[in-house]
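Each chain carries a letter (A, B, C, D and E) given by its place in the written order, and its residues are counted from 1.
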Amino acid sequence: MFETIAFYLFALLTVVMFSITVFTRQALYALTALAAGMIFISAFYFLLGADFLGAVQIIVYTGAVMALYAFGMMFFDTTRHVNEHGRSPQIVFLLSGMAALLIVVIFVTPIVSENVTARYPVLEGVGNAQAVGMVLFTKYLVPFEVAAVMLLVAMVAGIVLAGKKMDKSLTLMEEEEIELSKQSQEKAV
Amino acid sequence: MFDNILSILVFFPALAALLGFVVEKGSIRAYGIAVAAIEFALSLVLWYGYDASVVGMQFMESLPLISAFGIHYLVGIDGISLFIIVLATFFTLIGIASLGEVNRIKDMILTLLFLEMTMVGVFVALDAVVFYIFWELSLVPMLYIIGAWGGPLRIYASIKFFLYTFTGSLIMLVGMLFMAYFYHQATGVWSFSILEWYRLVLPENLQIWLFVAFFFGFAIKVPMFPFHTWLPYAHGQAPTIGSVILAAILLKMGTYAFVRFSLPMFPDASVFFMVPIAVISIIMIIYTAMVAYAQEDIKQVVAYSSVSHMGVIVLGTFALNVEGISGSVFLMIAHGVVSGALFMLVGVYYDRRHTKLLSEMGGLASVMPHYATIFGIMVMASAGMPLTINFVGEFLSLLGFYKQSHILTILAGTAIIVGAIYMLAAFKKAFFGTVTNEANRKLDDVNGRELFALVPLVLVTVWLGVYPKPVLEPISNSVTSIVSLMHEKAITPEAKERIPNPMRQDATAEGRH
Amino acid sequence: MELYLYLALFSPLAGSLIAALFGAQPKTLFTGLLTSSLLGLSLVSSTVLLVHILSGGSAVHVEMMTWMATGDLYIPFGFLVDQVSVTMMMVVTVVSTVVHVYSIGYMHHDKGFNRFFSWLSAFVFSMMVLVMSDNFAGLFIGWEGVGLCSWALIGFWYHKESASWAANEAFIMNRIADLGMLIGLFLIYWNVGSLQYDRFFEAVTLLDQSILVMIGIFLFIGAMGKSAQFPLHTWLADAMEGPTPVSALIHAATMVTAGVYLVVRANPLYEMIPDVGYFIASLGAFVAMFAASMALVNRDMKRIIAYSTLSQLGYMFVAAGLGAYWVALFHLMAHAFFKALLFLGAGNVMHSMSDELDPFKMGGLKKSMKWTWIMMTLASVALAGIWPLAGFFSKDLILEVAFVEHHYVLYTVLLLTAMLTAFYSFRLIALIFHGEERYKEYGSHPHEAYTFMLIAMSPLALLAVISGFVFKGSYFDMVTAVLPATEYHVHSPIVFWIMVIGTQLLVGLAIAFAYKKYQNAKIDKVFEERLCYKILRNQYYIPDFYEEYICKPYRELSYVAWKQLDLRIVDATVDGIASLLYKTGEQTHTMQNGNLSTMLRWMVAGTVLLLALGVAFTVGYSVVAG
Amino acid sequence: MEITLTHYLVLSTLLFAIGLIGVMRRTNLLMLFFATEILLNAVNIGFAAISRYYGDLTGQMFAFFVIAIAASEVAVGLGLLIVWFKRSGGIDLTTMTSMKG
Amino acid sequence: MLEPVNISLESLNLVTLSPMLIAVVGALSILSIDLIRGGLHKSLYVMISLLFLLLDLGALLHFVDFFKANGTMLGFFDVMLVDGLAVLSQLIIVITSMLFIPLSLSSKRFHEYNYPEYYALFLFMISGFQFMVATDNLILIFVGLETASLALYTLIAMHNRSKSFEAAVKYFTMGALAAGFYAFGSMVFYALTGSVEINQIATALAADGYSNIAYVLVAVGFMLAAFGFKLSLVPFHTWTPDVYEGSSAALAGYMSIVPKIAAFVVAMRLFEVLVQSGVIWLEVVLYAGVVITMTAANIWALVQTDVKRMLAYSSISHAGFAMAAILIGTTQSNSGLFLYWSLFVFTNLGAFAMLWVNRQKTLLPGQSSDHPYEKFAGLVRTMPMAAVLMALFMLSLAGIPPFGLFWGKLYMIGSAVSGGYTVLALIMALNSAIAGYYYLKLIVYMFMKEPQVSQKNFYMINASLSLKSIIGLAAVVTIFSVILVNPLLEFITAMVYNSGY
């Protein structure tokens, strides 16, 4: 019963929050709603017994991602009222509505499958974090490491793109200009 | 010495063209003539070495290319291909030799040498893929020749030429792949060898489909009505040398391919499609002759006349008997000589006046009598005057087809009437009457360089018209083997009947004189 | 004898080729002399062969080399000199030698002197090939060859529009007939397996009647073209654009008779199909009358003679069609002599009148051109068939044939035609040579032709006089060795004499009438307003009909085929497909409008489409499965 | 009424659709990126739910990696936005149409 | 409590990781070198990258031997999968990378090449693609894909001009959406089968007899959308021309090959099972997708005014063409795909390198993009060799024999014929004809028009020895591919066949 109530409550909350994110004209509202939605989603994880995931959700999203976005908002100066003139919203709603409708139509029929076997079963009496850790560092060790590489890539990319290195474009400068700027740099050093 | 002569023949010009890049611009003409002359001499050696009494392919060479997919570098010639090869090398030689003052002559000569490789390649290939390679590759130099040295519409013309033929050959390619697939089904191995394919007896409905697929490729190349419209543009815009080679050799690829592929591989389908194709041929003959008659540009007259003559060639091919096919193969050579010469002749005037309009001409006979004489000879040859080369081919083609259908032959025979109409009308407009155009009054007659190209053609025209035997005999022998193959392979009783067994006739023909 | 055969055949060719080398150069008398003497050589050789044949020698048959051989087909260059061909050879060589010599004078001032002789000799060569070949293919070579030379010679003065037009007309019209001939050859080949005369004639008896009829018809179509039979006759009158010696040689004596020669040659065939023969005869009679009627009112000297030629060809076909092959050949020979003479005489007249052709602008020329007058009158008398000149023997024989074979309609027609012939021939003579000297109004200064030209003509004059009288017997003996030896005798002597004398009387009357009417001719305006005059003057409007209903539609249709069909439909379809693709590209590439939102929407739309298809499939699947 | 897997899947779908709306509707790039986050989060709910109902941890693993990916995307995406912003002074995608056709 | 797990090192088959690890180590070492001493010349980094790629290649060649001897190899709890497809595609990826990296040694300086991060990211990207193809685990595929993609977005943006930012942003955003689709599709698969490994998914689905067909279709639909984006199938292709135009020609060429072969392999693993299973829907949808992609892209390419954009559309079309292999799904067609793509590598390398060679920094007046057709007008007059080479690559792309791509086309169409897809074979053939037009257009400009710029070096402004060598290599391979095809085909067929595809 509790689960049901919680589900509907949080479902409503997330839907509302995300709707706000999508529909509002205030960038700040959108960001806040997104953050709230993320937190509400973590509630589902807890509800579903995926405690570790819930924790990660809160830390990564509301902690890291939201901070980044907040920073971005300030950087781009989008805290104010955002003027968007979206074209032909009918198409947008039609397409999304169609997509949702079609999937929902399919999803309301329950899956009939006898062949689903839990390969990495949730063990009774084992904490979720522990269990996750176990699978993560055995079966999913490689993806995990690759994810690490991916984060490294993202980091390098972020640094390269947002850093000073992109300020002056060698692509757009003639060779002589490049030489000049190099010399002046060396002088400055 | 004949071991690798075909490969030498194919790749020598290309190699020479590559080396030609380093030749200095002023000497390139001499270089081109030298290379073309050597190549021509080689082809004569080939002719000399060819044993006319042997049935089947000669000078065969084989080298695995993509053995995993059954593709081999397989070349060889028989009497059918031999003379077209000689013709190709011959025309390249006189084409280069008679080249007037053109821009970027080096590019032109090297392109021609590359073109020569592809032309020879097509006619020696005995592997479908190798054939296809040269077939397609020949488009490229021709595209360049038309597009770079052509008239005002040259780009449109060259692209149209390229894409149209390219489209057709791609459909043909699908047909070839089907053929290989069926061969694979039948034998378990892949092969693109034409000679292997000959051994395959296909059910009639498959034959029909494959025939159609191949037909697109060939018909556009020939070009057959209604796929002919690229030709007037290509000819109209191409420089003289381009038109000459196009008419003399490239068009023959299509008709040659009919003899090489369609007939022996799909005898039943050939019989099935005989009447429709004959009807198309007749349309080509009459309709294009009429269109030629209406032209205002003498080059277009010759261009459309090509289509008209190709109609006779196709008709002869689908006579499906030795007389008709030999005739059509002979006519391929004949038409090559004659239309090549005609295009050259048009070029002679064009070089002087930079126009090809009939309305600009008139009364040239009195200004340029030698030119008029040679032109007249070629016009008459084109109109099928006996004792010229064309007549032999036309006569045999029509004669052969008469066996298949009386009424269609009578219709097709109007070729000799309508052909005379447009040719004579154009000749009259150009050469007869008084000189009305002041610009024509002081034209030079043909010069030595042009005579160098034209006189051999005249000689060949008359020589092979009077004494076609050296060419006709090898052709006839090879055609005989093809026809007997067709007869053996034919499944349907109708096809058996329509395709006579030439071997049987040989026995009775012993006592013919 | 083979040597003589080759000499007779190839010496004209040699002359032609040598002359051709000088073709584009200014006049060199040498070419004329050379070709004439080589023709003389040919004449001598032919005579030797004639003597050989006359002295009972066997036919000379040589096979020079293979021409075409493929599959079953075997065509050699083979030549046969037998009684028929030797007759033709004689006719050809005699007339052409005369014409060559004559032409040296006639073409004296012409720029194309060398070219002329080259073509003229080439023509002789072709004609010799035509008559000497031992197979139909060789015949066809000659057949086309004479056509070619005829084209070149009609259009000899190519700067004249009318000349080159007439040349093309002649060529194309002949080509129409040649197609028939070609089909005939195909029929022969596929039914006999050979184109050799002997093989074919052997096989004739074995073949189906219907096939023989077909062969006969198609071969005759070929003959109709060369011999300008109705409806392919219009080219002959127009062919008079050529130099007059050409008309004499080609369009009177030799080429136009090739059709008759063909029918005579193929006599074993036509023997088997008398119905076709009867048709040929009827057509011949019709043409005889038809052509004569057009000659009545014409005001062009050469055309009048051309129509008379046509008319005489009709006579020959009557004979040939009725199976009297030797008679046809005999008339052919006789006609060749007197008609060539007539033409050459006309040539003299033209020469002296600065190429004037209208006899109404002449008159009274007999004073200044005595010899010409005499020779032309002789020729006309021969043409009219007055005893004892050549025409009487050959032409009246044809009348007898028609009578004896009981074709009285044909006989009547021919008889009337004979009167017409006499009338128009002497109308011409009267207009040219008699009466007042009208030419003075036009400022002409007539003069007699060169003496050597007259001398050159004299053999013809002689032959026109004596050939019937002297040769008839020996000729008959000779040719009937190969042709059916049917003697045509009217059995009742009374009827015979009535016929002969009656005919002579009628002809004489016609001549007298012609003289009376045209001796002092004025152009009769009233007469010229009459319908019948107009019809005849305009050649029954047949050329107009051809122009209006064949040439013009062909031209227009060609234009439509090019502009409308080829460019607007066939080519436009091809370009249409290409431009359809291109236009589609132009219209739709705007979906790439650079806007990210649009791109994202496309992606979502694609996904939605996939899902929708999935659902649709599922529904369909469950319907089918359930 | 028991909450079944279907409930979660439908919820996931709805959130996904909302994300799609955002993706298609937003012209401000930053806010468009918000929408892409929604997409991934919507999927994560589904994964967690399936994982729960099957008693299998793979789903959670997937969700875990999706979170990592989302985080990385944010970093790169923001980096891109920053350079773009520096160069053009705005982050509206309607100004980003120099290439088309 | 959890029990301790004992895993023997051998069973992990660590060696399966070696190629990717080499790439990653290479990237890390480049970063480290830069940390130690900055400002080194780009040639150093190029060479380091090449060295590591060479090692990578060595490892792959080792795999080839191993695979020939022992067949498919699994590692790391069956996450890593080294089968013929993996090895083949990694070979293509690594070799292509080795060919494209030297293109950064252009004579003009461009922004990205002056930063070692570029090379590091490049190597990371390669490892990402390698991971993507060397597994059938949807998670690892996803992570590998994202690693590669994120690096790629950055590489594009590093060209540092507004068009490249625009391109990167567009690519990124659409990539994010595609990632969403991918995740959703995976989720549905997971929901259906409780597994995220392709072979297990396939087994489970087959065991069910596709009873949840609707779910399968949803999953496949989303997956198709995700891979459609990567493979640029219409209508998920819209990023392609913009991204190609925005990035440097060298990178654009790279993008036309490597990401696609990676995606092809995954698509092959994922879809072929389903196509074989007899779900007609998939066949129909794929059929339509292939045909529309080929044709529409061709039609749009017709109207392009910029050569690079034209090549972008052409590469879409080629992708559609190759996608047909997955639809046909026979060993022959799969081998055909690899053959096609191997040959495509060299031709496209040549074509894009030619564009790269004549890339000038400042546009001429009236020029709106880097490589408009007009720029090439009359090239044969000023630089005949360059014109001939460019024409050669165009002809190869058009499928004129005997140049490289013809053999690929031949084999692909042949496989369509053998696979019973006659109409498809015809459509493929006819599309080559349509494509002929726009390739020809460039040839027309080069050979048949009057030059606009008389300055001789204008067209080779960016050339350097290494670029020329690369072009020469591409040309040689393109011309003499006929010799190459047989061994290549035998090798590929053996690899593909033994992997069970």
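Here, a residue touches a chain if its C-beta (ideal position, glycine included) is under 8 Å from a C-beta of that chain, and two chains touch if they have at least 3 such contacts.
Keep in mind it's a predicted model, so treat the numbers as computed, not measured.
Enquirer: Mind listing the chains that sit against chain A and also against chain E?
Expert: Common contact partners of chain A and chain E, which must touch each of the two, are C, D.
Enquirer: Which chains sit in contact with both members of the pair chain A and chain C?
Expert: Touching chain A as well as chain C, we find D, E.
Enquirer: Per-chain C-alpha centres versus the global one: which chain is nearest?
Expert: B
Enquirer: Sort out for me whether D-E or A-D is joined by the greater number of C-beta contact pairs.
Expert: Of A-D and D-E, it is A-D that has more C-beta pairs in contact.
Enquirer: Cα centroid separation between chain B and chain E, in whole Å?
Expert: 43
Enquirer: Could you tell me the distance, in whole angstrom, between the mean C-alpha positions of chain B and chain D?
Expert: That pair's centroid distance is 65 Å.
Enquirer: Hey, how far is the Cα centre of chain B from the one of chain C, in Å?
Expert: It comes to 35 Å between the two C-alpha centres.
Enquirer: In whole angstrom, how far does the Cα centroid of chain C sit from the Cα centroid of chain E?
Expert: Using C-alpha averages as centres, the distance is 77 Å.
Enquirer: Indicate the residues of chain A shared as contacts by at least two other chains.
Expert: Counting only residues that touch two or more other chains, chain A contributes 86, 91-92, 95-96, 99, 102-103, 106, 111, 116, 118-119, 131, 139-140, 143, 147, 150, 153-154, 157, 159-161, 166.
Enquirer: Considering chain E alone, which of its residues make contact with at least two other chains?
Expert: Residues 139, 143, 146, 150, 153-154, 157, 160, 169-170, 173, 177, 191, 194-195, 214, 217-218, 241-242, 303-304, 437 of chain E each touch two or more of the other chains.
Enquirer: Among the residues of chain B, pick out those that touch two or more other chains and give their numbers.
Expert: Only 163 qualify.
Enquirer: Name the touching chain pairs, please: which are they?
Expert: Touching chain pairs, listed by label, are A-C, A-D, A-E, B-C, B-E, C-D, C-E, D-E.
Enquirer: Quick check on the complex: what are the chain D residues that touch chain E?
Expert: Of all residues in chain D, those touching chain E are 5, 9, 12, 16, 19, 23, 29, 32-33, 36, 39-40, 42-44, 46-47, 50, 54, 56, 58-59, 61-62, 65-66, 68-69, 72-73, 76-77, 79-81, 83-84, 87-88, 93, 96, 98-101.
Enquirer: List the residues on chain C that touch chain A in their complex, please.
Expert: 597, 601, 604-605, 607-608, 611-612, 614-615, 618
Enquirer: Name, in rising order, each residue of chain A that touches chain D in their complex.
Expert: Spelled out, the residues of chain A in touch with chain D are 3-4, 7, 11, 14-15, 18-19, 21-23, 27, 30-31, 34, 37-38, 41, 44-45, 48-50, 52-53, 56-57, 60-61, 64-65, 68-69, 71-73, 75-76, 78, 82, 84-86, 89, 91-93, 95-97, 99-100, 103-104, 107-108, 110-111, 116, 118-122, 128, 131-132, 135-136, 139-140, 143, 147, 150-151, 153-155, 157-162, 166-167.
Enquirer: Mind pulling up the chain A residues that touch chain E in the complex?
Expert: Going through chain A, the ones touching chain E are 102-103, 106, 109, 111-119, 123, 125-126, 130-131, 134, 138-143, 146-147, 149-150, 152-154, 156-157, 159-161, 165-166, 169-175, 178.
Enquirer: Would you pull the chain E residues touching chain B in the complex into a rising list?
Expert: 380-381, 384, 395, 398-402, 406-407, 410-411, 413-414, 417-418, 422, 425-426, 429-430, 432-433, 436-437, 440-441, 443-444, 447-448, 482, 485-486, 489-490, 493
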